[in-house]
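Structures for review follow.
One chain, chain A, appears in both complexes that follow, with chain B as partner in the first and chain C in the second.
Then we have the complex of A and B:
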């Protein structure tokens, strides 16, 4: 069998695994209880590995926030000193079967969504999405949001989800895609459907009425409620694709605001990185181009399963967040087909006459077509201390893919 | 001022009133308590006036069902005898400020959505949507659904809505249009958003837990939950447009399965009718073309406010129900502009780069362009006794518009 034939067969196997994934939300729980290897005085972060010294402003702000949230430091300056002194371990989420939005920071007392891929038995985790601390804002107000999630909403949702015996996500996501979600930055339909699915169970699981009502208000009005879920579902779907010998399928795209990194199935354990790119999009009122930080977050895991940029054609509502036209959104979805292994039989776009989204980004096709994936994303400030400042479209650096392909050739043509 | 100038000014006023509408759900209540002139032994029905003798099979089945529901007859044969003997009054919903889906049947003990147009102070009503009795099925199972709505879900939703001080619908509909609803046969997003909005209030209004949980399951899983609401909202929005002197704007399109009728602002109180057309679309498995009844229901009131057919371009998800392609759906929305008075500033279609839907169908433009409105609709059986059998696209008979325009010329050119 030629190498080309080996690669094609390996990529078909990778595609089969992605398509077979059956992500089910099984719990909401403290990260320290569920994430393997998450220790005390450790902060998981988004993207490839990065040191405190090289961290961008927003991620620095976020890790400072976690030191305060955990009570390891009493003020931001003390936290920064601890971090500079190396007293807090910093590790990528992806090294722990986990993903996190934007700065992606997770510590033991941060409650996370727990998604099980029932087709393969593996679990993945993601923290809840909010618009402040994960963008680098470590103010008391920002931390109060994390505390409310830890003390009220997370425990209530966990109780309901366990009582339900889990919430199957595959069909819910499929329905949401028919409602104009793309599961990365537009998750209004999936959030709404999920809130309705949980609501009656919340009422009968013995929680105080005040907590039930607060959680119903929270879940029924959070436009990004489902993003943490879709990220965990995507991570749970992609992890069984890791380590398929000779596969050129991308298993992760992740950014820490300093570097963009990708991982590839047949090159398990390696990162291929390049400087993080700038996001092209719309800024919220009051912010200027020079305020924006660079691309950040593990959320591009959604693009690896055929959501996000691959599904933009079916989700033109997102254009009010990212800019661009409906025609461009359709073109993005078509572009993604040219660099992917196949089409999803489950995740369909009515605007494209119910064709499936492109699945299984292939580093060969990216390099040969000279076309990188499209990712839609939020924008953080370049300095610590701010919430979300905008949203837009970003393209990964081609360098990540050329480096990966060169390493692939080295390993397999060796 | 020339007649043409008078008409243009009148239509601008009509458009202003449609756009200014502020529909708010204020109650869910027994029809007999709220609908003006709805008497005992009276059944309101969809479409223009029709006698028992001329009623189509599905509407006959539905009125028989209401006689059983109200306890006026003990079996279908006895009900049919009462109806044939003229013992039950039959009047159009539209003569009572009301609309109803498909057969549209409403009696005093049928609970209805009560929508107030807060910009003008008027109220409109619509019964709840289900898939059986309103299509002509009068079986015990079909009637059990009406009873559950009357005894459990309707009262619970009414209590919550009153506690909320009403649910504003304008913004909710605008959000749902961005999520691929068109507010006629695709209302999955609006239904989901409405269920989210009501849920926390349901929990704290003192109802038995069993009723709360049952209602949360019902509201959170009914794909047509919002259709009765969107119809009542459309009717409440259009009623202030009635009787604008010299306006050629259509205020209602309604069908009883025998005739299609329209009403026109400057010709208040008159109906312009023609034989009901056949629906082109998709039938559920097991049904054949010759099983299908003709076009039926008051639901085309949604098209008069710029939803339904006018919004199809933004709602390609509906094509799995109606058939057709995404390109045709976009073309329908563009077609509707050519026969309408203006574009909505509130109801936008992201797939058309956030352009507004066409509002204020003008009988002059319909006749001159030789282009009738597009309506998406469900399909009933031609005989009594069946639930929904399909869905599709229907075009009103041009004859309704030419008759109306001739009468308009007679009245205003004298």
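Then we have the complex of A and C:
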């Protein structure tokens, strides 16, 4: 069999595994109880590996926030000293079967969504999405949101989800795509569908009324609630694709605000990185272009599985957040087909005649077409201490893909 | 009777523009009929990457 034939067969297998994925929300639990290898005095973060010295401002702010949240430091200055002294371990979420939005920070007492891929038996994890600490805000108000999630909402949702015997996510995502979501920054429909599904079980699960009511308000009014779930579902769907010998399919795209990194199935365990790009988009009132940090977050796992930018054509509502036109959104979805392995039979876009979203980004096709995937994303400040400042569209650096292709040739051509 | 070539030369030309849209846009602005074909050299014209892709894609 020629190398080309081996690659094509491997990519068909990768595509089969992505399409077969069956993500089910099975629990909401403390990260320390469920994430493999998450130790005390360790912070998981988004993107490829990064040191405190090279970390961008927003991610620095977020890890300082986690030191305060865990009680490891009493004030931000003390936290920064501990981090600079190397007293806190920093590891990528992706090395622990996990993803996190924006700075992506997760410690043992942060509660996480637990999603099981029932087709393959693996589990993936993601923390909740909010608009402050994950963007680098470590103020008492920002940390109060994390505490509420830890003490009230997370435990209540976990109880309800276990009572339900899990929440199948494949059907829910497919339905939300028909309702104008793209599962990255437009998750209004999926958040509502999830809140509707979980609400009656919350009411009858025997928790104190005050906790139930608070959780119903939280779940029913959080426009980004489902992003944590879609990220965990995407991660759970993509992890079985890792390590398919000779496959050129991308298994992760992730950014830490300093570097953009990708991982490739047939090159398991390696990162291919380049400087993080600038996001083109809309800033909230009061912020200027020079305030914006560079691209950050594990949320591009949604584009990796074929949602987000690949599904933009079916989600024109998101353009109020990212900017751009409906024609451009349709073109983005069409373009992604040219650099992918196939189309999803389950995740359909009405605006594109119910055709499936593009699945299985192929590094060969990206380099050949000189066209990188499109990602819609939020924007953080370049300095620590701020919440969300905007949203927009970003493209990964081509250098990540050319580096991966060169390494692939080195490994497999010999 | 005019030949096919003579017939062709008596009609208004239709321009097929491959890749570089700018060439066709000025013709279109001048009133000519233009058909655009999206094309770019493989790997953005990088010969080393194109050679790699010959073996892999």
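Everything that follows uses one rule, which is that the second predicted complex is superposed on the first by the 414 of 414 C-alpha atoms of A that agree within 3 Å, B and C clash if a C-alpha of one lies under 4 Å from a C-alpha of the other, contacts with A are read in each partner's own complex, and residues count from 1 in each chain.
Going forward, contacts are C-beta pairs under 8 Å (C-beta built on N, C-alpha and C of every residue); 3 or more make two chains touch, one makes a residue touch a chain.
Keep in mind that what you see is a predicted model, and the values were worked out from it rather than measured.
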Chain B versus chain C as contact partner of A:143, first or second or both or neither: neither
Chain A: partner with more touched residues, chain B or chain C: B
Partner chain in contact with A:316 - chain B first, chain C second, else both or neither: first
First (chain B), second (chain C), both or neither touched by A:188: first
Partner chain(s) touched by A:178 [first = chain B, second = chain C, both, neither]: first
Partner chain in contact with A:199 - chain B first, chain C second, else both or neither: first
Partner chain in contact with A:364 - chain B first, chain C second, else both or neither: second
Partner chain in contact with A:326 - chain B first, chain C second, else both or neither: first
Set of chain A residues, in rising order, touched by both chain B and chain C: none
In the complex with chain C, residue positions of chain A that touch it: 3-4, 7, 248, 364-365, 367-370, 398, 402, 405-406, 408-409, 413
Chain C residues touching chain A - in the complex, by the definition given at the top: 40, 42-44, 46, 49, 52-53, 55-57
Touching residues on chain B, where the partner in the complex is chain A: 175, 178-181, 188-189, 192-193, 195-197, 199-200, 203-204, 209, 212-213, 216-217, 219-221, 316-317, 319-320, 325-326, 350-354
